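Take a look at the structures listed below.
In the two assemblies presented below, subunit A is common to both, partnered first by subunit B and then by subunit C.
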Partner chain A sequence: MTDFQLLDAGQDALEQALSPKRKLVPAPVENFYKNYYVRVFAQAILTIWAVLTVTFFLVRQMPGNPIDVLIEQILTQEGISYQEAYDRVAASFNFDPDATLFDQYLDYIRDLLHLDLGTSITSPGTRIIDEIARFLPWTLFAVGSGFLISFVLGVILGMTMAYYRDSALDHAMSLVSSFFTGVPNYIWGLLIIIGPGISWNWFDVGAARGTYDPGLTPGLNAAFIGSAIEHALLPIITYVLATLGSWMLSMKSSTTSVLNDDYVNVAEARGLKDRRIITAYVGRNAMLPLFAQLSISIGFVLGSGVVIEEIFVYWGFGHYLFQAITVRDYTSVQGAVLILSSTFVFSNLFADLTYGLLDPRVRVTGEK
Partner chain B sequence: MSQNLPPDVALKVDDLSIVYRTDRGEVKATANVSFALRSGEAMALIGESGSGKTTISLALIRKLPKNALITSGQILYQRNQEVQDVLKLNSRQLREFRWNECAMVFQGAQNAFNPVLKIRKQFEDTAQSHGWRDKAAVRERALSLLQLVRLDPERVYDAYPHELSGGMKQRALLALGVLLSPQVVILDEPTTALDILTQRAIIDVLNDMRRQLDFSIIFISHDLSLAAEMADHVATVYAGEIVELGGVNDVFYQSLHPYTQGLLTSVPTLEHTQDLLQSIPGSPPNLITPPVGCKFHPRCAFADDVCMEDSPPLAVDVGGHLAACWHKDRLIESRKARV
Partner chain C sequence: MTKRTMILATMLLLSAILASGLGLAQGATLNVAWPYQVPPTGHFNTFASGGITLGQYQDLHEPPLAVLMWATGEYQGMVAEEFGWDADGNYGIKMVEGNSWSDGSAMTAADLMATFNIFRLRGDAVWANMSAIEQVDDYSVKFVMDAPSSLAERIILTTNLRPASVFGDIADRAAMMSPDDEGWDALLQELTEFRPESPVSGGPYTILPDTISEANLMMELNPGGFAGDFQNFDMVRMWNGETEVVTPLVANAELHYITHGIPPTTEEDFANRGIDIVRSGMNNGPGLYVNHAVYPLNLVEVRQAIAHAIDRIQNGVVSLGDSGVAVEYMTGMSDGLSEAWLSDETLDSLNFYDYDLMKAEELLTGVGFSRNDDGVWVDDNGDPLSFELTFPQEFADWSAAAENATAQLNDFGFDISARGVQFQQHPQDIYSSNFEMAIRNWGLGDPIPGRSYLQAYNRYNGQGQMAGEGAGAGMNFDNNVDFSGGMVNVFDLSNQSSQGVDKGAQAALVTQLALSYNEVLPAIPLWERYTNNALNRSFVSVPDSSDSIFANFGGGADNWMTTLILTGVTAPADM
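Moving on, here comes the complex of A and B:
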C-alpha cells in the first residue's frame, strides 16, 4: 500500500465510525418516535404524569391530615386503644397508612395504569370516577356554552371594531372591552349576585343554587332542560363577561392587520362579493392567532370554575374539587387534577393537530 | 350614457386630479392627467417612485386609499360601443366592473393570494363573484391560462400559495388577471422584486398572452428597458403630471421633454459607454407645495424665466407626440450636438 492508500483507508474507517448512519436505536423504534403524532402524544402523557406526581406529593404536604383527624375522633368517642382505632381506619380506607409515601405513590400509579382512580378517603366506598362523572358534565355544559358564546361574540364584535376602526363606535367598544378584560371573573360573579340578584331582585339568589330544581328527574324532558339552563345561566354570563373583552381586543388587532394585507386589497380589486371577503379572506386569516389562544383558555376557564361555581353554588366540577381540597380528600383531589390537567394538555394537543386544517402553511405532511 | 368615444378607444382619462389629505396638508398626487388607451394597445407609465404612476392606475379601478380625493376629471370606459363613466359607478356596478372589465396585477404578487386558500379556490371565487358558477368550465379556462403563463397547470391549480415560488405566484396572478377576459389589464411593476431570469420569463409570458388574448395593457414601471420592449405608447409622469406622451420610438429616440431625456441618459445601454451616463440632479418636488410654473424647472438644465412662471401645456407635436415643455427646440438641438 502506498501512503496515500493508507491514508484513504484510515479516513474511510474514521468516516464509518463517525457516520450518522450508525444507529444506536433500532430503526423501527426510531421511525415510530419520528412520527409526529406519536411524539406529541407521548409528550402529552409525560406532561400529565409530571403534573400528577407533583400533585400527589403536594396535597400530602397540606396542613391537616384526614386520617389523623379520623383516628383522633374514634379515639375520643369510643375510648378504644390507638392501635384498634388505627386498624379500623386503615381497613375502612382500604389503604395502608403505614406504607411509605413512595410505596403509596407506586400503588397510585399502578391503579391509574389499570384506569382505576381509587375511592374517596373521606367517604369510603365512593368511587372517584363516579363522582367525576356526576359533577363534570355540568361544568362542561356551563363552561362550554359560556366559552362558545364569548368566542363567537368576541370574533364578531372584534371584526366590527376593526372594520370601523377609529370611529366613535370603535372607541366606545374598545373602552368597554378593556374594562371587561380588566375585571376578574370572581368580581363579575359577585357583581351579578349583589346587583341584579340582591339589590334589584331580578332573580331569586337562593333558588339559583344547584344545577337544577329539586324534584325534577334528569332526562330529556322540557322541565329538566329548562331548569338546567336556568341554573347554568349565571355562571355562563360570568364566563362570557370575563372572557369576551380579550377575544374582542385580540380579534380587533388581528383583523386590523389582516385588512392591511395585500390579498385583501387584491380580493377587492377582483370584485369579490363583500361577504366572501369578510368570511374567507379577512375572517379566516384573522382567526388564526385566536385559535392558538383558544386551547390555552379552555384550560384556564375550566380551572376558574372552582371560584365561579363556589360563588353561585353551582354543583359542578370546580365545586367538587374545592370540596375535596377543603376536607383534604387526597385521592379525590388527585382524580380531579388528573381530569383538569388532561383537559388542558389534550385541548392543546387537539389545537396543535387541527391548526393545520385552518392554516395550510403549518400542515404536517407525511413525507419530507 | 351620452358620452361618445371613438370606437377603438377602450379607456379615456380626462383632466384627472387627485389629492391625498394628510396631516401636513394636501398632497397633489395627480394633476390634470389626460390620456387615451386604444383597445389592444400597451401603454407604459414611466417615472420615478412617488411620481403618481400608481395613483393614476388605482384611480382607474377606484381602489384609491381612503384619504384620497378625486378633485376633477372623468374616466370613461368603452366596450362594445357601450360607454361607462367609471367615477359614477355605484358600488354594485363597480364590483362588476373590477376584474371583469379592468383587472389589476399589483406590485409584489408575493402576498396577492390568500394564504389559506388553494389557487383553485381563488380562481373559483373570482369567477363566482362575477356570476360564473360552472366550476368545470372555470377549471378548464384556468388550466389553459396557467399553461399559457408556462406553469404546470394541474400542480399549480391545486397548490397553496406558499407552495409556489415568487415568480410562479406572479405568473399565476397574471393568469388570474385575464380569467374573466378583461379588456384592460393594469400591471403595476410586474417584474420588480424578481430576479433577472424570472423577469425575462414574465416578459416572455406577457408577450405570449398579448398575442393569444385580446386585451390592452397599462403598465407602470421605472424599468425603461421593459417599457421599450413591451409598450406601444409611453407616458412619462413627473410630479403627478404627464409631461410627455407618444409612441414608444418617438419618446425613446426623439424625446421632447428634458425629464424623459434625463431618465434615458441615466440608464446604461449596450451601445454607449459608461461615461455618458448622467443622473438627473436634485430630487422630486414636494407635492404639498409644488414649484410654480413648470414643476421640473428646479432640476432642468434648460430652465429660464418662462419656466418659473408659466406651466407649459401638453402641446401636440408631430404625429401625436406630446410634451409639456417650453424649450423642445433647444432640447432637440442639444441632442444633435451630442451625437
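Moving on, here comes the complex of A and C:
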C-alpha cells in the first residue's frame, strides 16, 4: 500500500468516525423513538416525573410537618401541654421527620414503579389509592357535569349572540356573560348559600351537604342516583355560572370570525339551508379553537373544585388535596399531584392527537 | 332517544330525587358539631391519628372515668365509682358495675387495663410517673405510682375508656413486652394501622357507621352504655366542619350548639336571631412575647413599661369583643386560677400593670432612656426602640391584638412594625428564636395552675429538642429567676407545683410562681379568651348561665356540655 493509499484509508476512517450520520443507536430503537406517538408519550411521562420530583421536595419545604400541625391542632382544641400533645402525636404516625430527603425520595420512586402510591401519613395504614378512589369520582361527576353543561350552553348562546350581533339581545347577553366571567366561583357559591339558602329558605342548607344522603347504599339504585344528583346540583350550578360567560364570549368571537369567511358566503349564495350552514359550515369551524381550549380546560377540572367543595361540604378531589396540604400529609399530596399532573398532561396530549381528526388542514405526522 | 323514553327517564329521575329526600326519622335529636374525616381517611381506631374521636364529644361514646367540677375543685365520678390515693401512694379506681359496650361485652376492669396498656405502648405522659397497672378484681384497678401527683390523677380520671373487646389483643401483647424488645416498634405500627370494622361505644350514644358523610354523622342511643338509660335525646347528629362551614347551619337553626370560636360580627348576628352566647374562661389567651436575647427587651423595666403602655381592655375588645377579657392580675395564669389559688394578701400585693403612660415613661427614663427629636424612645446606647412584632396572620383575633398593641406602643413612642406570618411557620420561628416580639398564647386550658406556665417556661423557651428539631432556644429567657422573693427555677417550680396531693404545699409553690411572674413579666399577657359558644335554647335545654357548671372549661376534658349530657341534664327545649 502506497503512502497515498494509506492516507486515503485513514481519511475514510476519520470521516466515518466523525460523520454526523454515524449510527450510535441501533436502527430499530431509533425508529421506535422517531415514532411521533412514542415520543410524545415519553415526553408526557418525563413531564409527570419532573412535576412529581419538584412536588416531592417542595411540599417538604413548607412550614411545619405532619407532627407539628397535629400538635398545634390538639394544643388549640384540648388545652393540654406541649409534651402530652407531642407524645400522643409522634407515636401515632408512621413518619420519621429525621429520615433523609434523598432516602425518602428513593423509597417513593421505587414504590411508584411498583404502582404503589403508599399510605397516608396522617391516617397510618390507609392506602392513598383508596382515598383517591373515595374522593375522585365525586369531583369528576360534579365538575365534569358542570363543565359539560356550561360548554354546551356557552356554545349555543355564543352562536346566538354572533348571529344577532350588534342587536339588543347581543348587547344584553354580552353584558351578562361578562358579569358571569368576572365573578369567581367561590363568590357564586357563597351567594347561593346566603341568598336562596339562608335568606329565602329555598332549600335546606344542611340537607344539601355531602355527596349523598346518609344511610343509602352506593350503587345502581334509584334512591342513590337521585340523591347523588340532588347533592351535586348546587356545585354544578356554581360551576356553570362561573364558567358559562367565558364559553359564550369565546364562541361568539369565534363564530363572528367564521361568519365573515368566504365559504359561508358561498354556501349562502348556493342557497343552502340556514340550518345546514349553521351546523356544518359555521358551527363546526367556529368550535375548532374552543376544542383546543376545552381539552386544556379538562386538565383544570380536578383542581378547580377546591373552594367550591369546601363551601358546599361536597368532598371530592379538591377537598382531599386541600386537606392533605393543610395537615402536611406529604404522601397524600404526592398522590393527588400525580393524578392532577397526569390529567393535565394527558388531556393536552389528547388534544394534540385528536385535533387533526377534527381539522383536516392539520395532520400530525411523525415528521412534524 | 324518543320523546317517550325521555319523559320516562325524567320521571324516574324525579322519583329517585324524591325518594332520596326521605331521610332518617327526626325524633328528639341533639344537633352539635365537631370536625372529623370520613372513611377511609377517618376510621374507628381512636388511638391512632385519623380516628373519629369527635373531640370533646368522645365522652359520648368512650366515657371518661370522672369529670372535674371547676367551681368546687372536686371530681365527680362517671365510669369510676370510687377513686383516690391509698396509703402506699398508689391510685385506685373502682368502676360502676352493670354497664356494657355496644358490642354486648361487659364494661369491666379489663377495659381499663387495655386502655392504659395501649397508652404505655404509645408512650403517653401518664406512664412517666407510673410503674405498673394491676387488676384488683373485675371492676377495680390499682395504678402503681412512683409518687402521688395531682397531675397524674387528672390524666387518669379524664381518660376516655376503650373496649378490651377491640383493643385487648394488642394491649395484652404490649403488657408482656418492654420498649426495648425487638417487636415493640412493630406492635406500635400494628396499633396505628389497626382498623376496627365498626365503632364500639361504652357511652350513652354510639356512632352509626352507615350514616357517616362529610356533612354529618348520626349517633343513636346506646341503652346499655354508661348513662345510656337516662338520656333525653334519642339521637345526636354530629355536624362536620370548621367555623365557616357550621356558621350557616347555626344561623338556619339546624345546628343547636357549637364550640367553634366565632368572630364578633357573627356573634352579633346570632344574638339577633335569639341565639345565646355562652362564655366561660379558657385559662389562656394571647400574650406579647419578647426575645430576651434582644437588648433592651431583656430589661425588666422595659417589659413593665410595655405592660403599662398597652390598654389591655381596649386590646381585648378590639380583638374578640366580649370574649376578649383583659387580664387583671398578670400572674401568668388566668384571673380565675389566681383567685382560686392565691390568698387575698398575695392578690393585693400584685402589680396590676394598669394602663398608665406616665408610669411607663417613668420606668423607661429610670433606666436611662429618653425620647429623640421625633418623640421616639431611644435606649441608653442611643438606639431607637425599634422592633418587629410578628403574629400568625390567619388568626383574626391574634392579628387584631397584634395590630392594636403595635398602634398603642407606637403612640407611646416605640417604633414597632407588625408583620403577619403563616400560622404554621410562626411557632417554628418562635421555637428557633427567629423573632423580636411576637403574639403567642399564654396559659393552658387546664385547672392545674402550674401547667399554665409551661407555655412561657417550656414550650416557647427551649423546647425544640423535644420535637427533634434541635435545641431551639425560644425566647431565651433564663428560668433561674431572681426576684424579690429570692432565687427560684420557675420551670422546676411549675412542675413541682402539680406533684403531691397536698393543696397547701402546692399553693405555696404556685404563689412563688405567680409573684415572680408578676414581677419579671417574661411575657406580657394581654387578655383571656372566653368561649363564645353559640347555644340555641329554643331547641336545647340546659341550666341558666348563672349555674356553677359553666365554670367548667367550654372545650376538651370537663367541658360543661358533655358533662350535662352524661348526667342527663341536657334535654330538648320542649320537654
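Criterion: the second predicted complex is superposed on the first by the 307 of 368 C-alpha atoms of A that agree within 3 Å, B and C clash if a C-alpha of one lies under 4 Å from a C-alpha of the other, contacts with A are read in each partner's own complex, and residues count from 1 in each chain.
One rule holds for everything that comes next: a residue touches a chain if its C-beta (ideal position, glycine included) is under 8 Å from a C-beta of that chain, and two chains touch if they have at least 3 such contacts.
Just so it is clear, the structure is predicted and the values come from calculations on it, not from any experiment.
Touch criterion met: A:A269 reaches subunit B, while subunit C stays clear of it. Within the superposed three-chain model, A:I298 lies out of touch with both subunit B and subunit C [touch as defined at top]. In the superposed model, A:A222 makes contact with subunit C only, not with subunit B.
By the touch criterion stated above, A:I339 is placed in contact with neither subunit B nor subunit C. In the superposed pair of complexes, A:V205 makes contact with subunit C only, with no contact to subunit B. Considering which of subunit B and subunit C touches more of subunit A, the answer is C.
Using the contact criterion defined above for the overlaid structures, shared-chain residue A:T122 touches subunit C, although it does not reach subunit B. In the superposition on chain A, A:L358 contacts subunit B only, with no contact to subunit C. By the touch criterion defined above, A:A162 lies against neither subunit B nor subunit C after alignment on the C-alpha atoms of chain A. Residues of subunit A touching subunit B in their complex: 261-263, 265-273, 276, 280-281, 284-285, 288, 358-361. For subunit B in complex with subunit A, the residues that touch the partner chain are 61, 63, 94-100, 103-104, 106, 108, 110-118, 125-126, 128-130, 160, 162, 176. Considering their complex, residues 12-13, 15-21, 23-24, 37-43, 47-50, 55-56, 121-125, 155, 188-189, 192-195, 210-218, 239-241, 245, 248-249, 251-252, 254-255, 282-284, 422, 424-425, 427-428, 444-446, 451, 454-455, 458-459, 463, 466-468, 553, 555-557 of subunit C touch subunit A. The part of subunit A that touches subunit C in the complex is made up of residues 62-64, 67-72, 77-84, 86-94, 97-98, 119-120, 122-127, 130-131, 134, 193-194, 197-198, 204-207, 209-216, 222-227, 229-230, 310, 313-315, 319, 323, 328.
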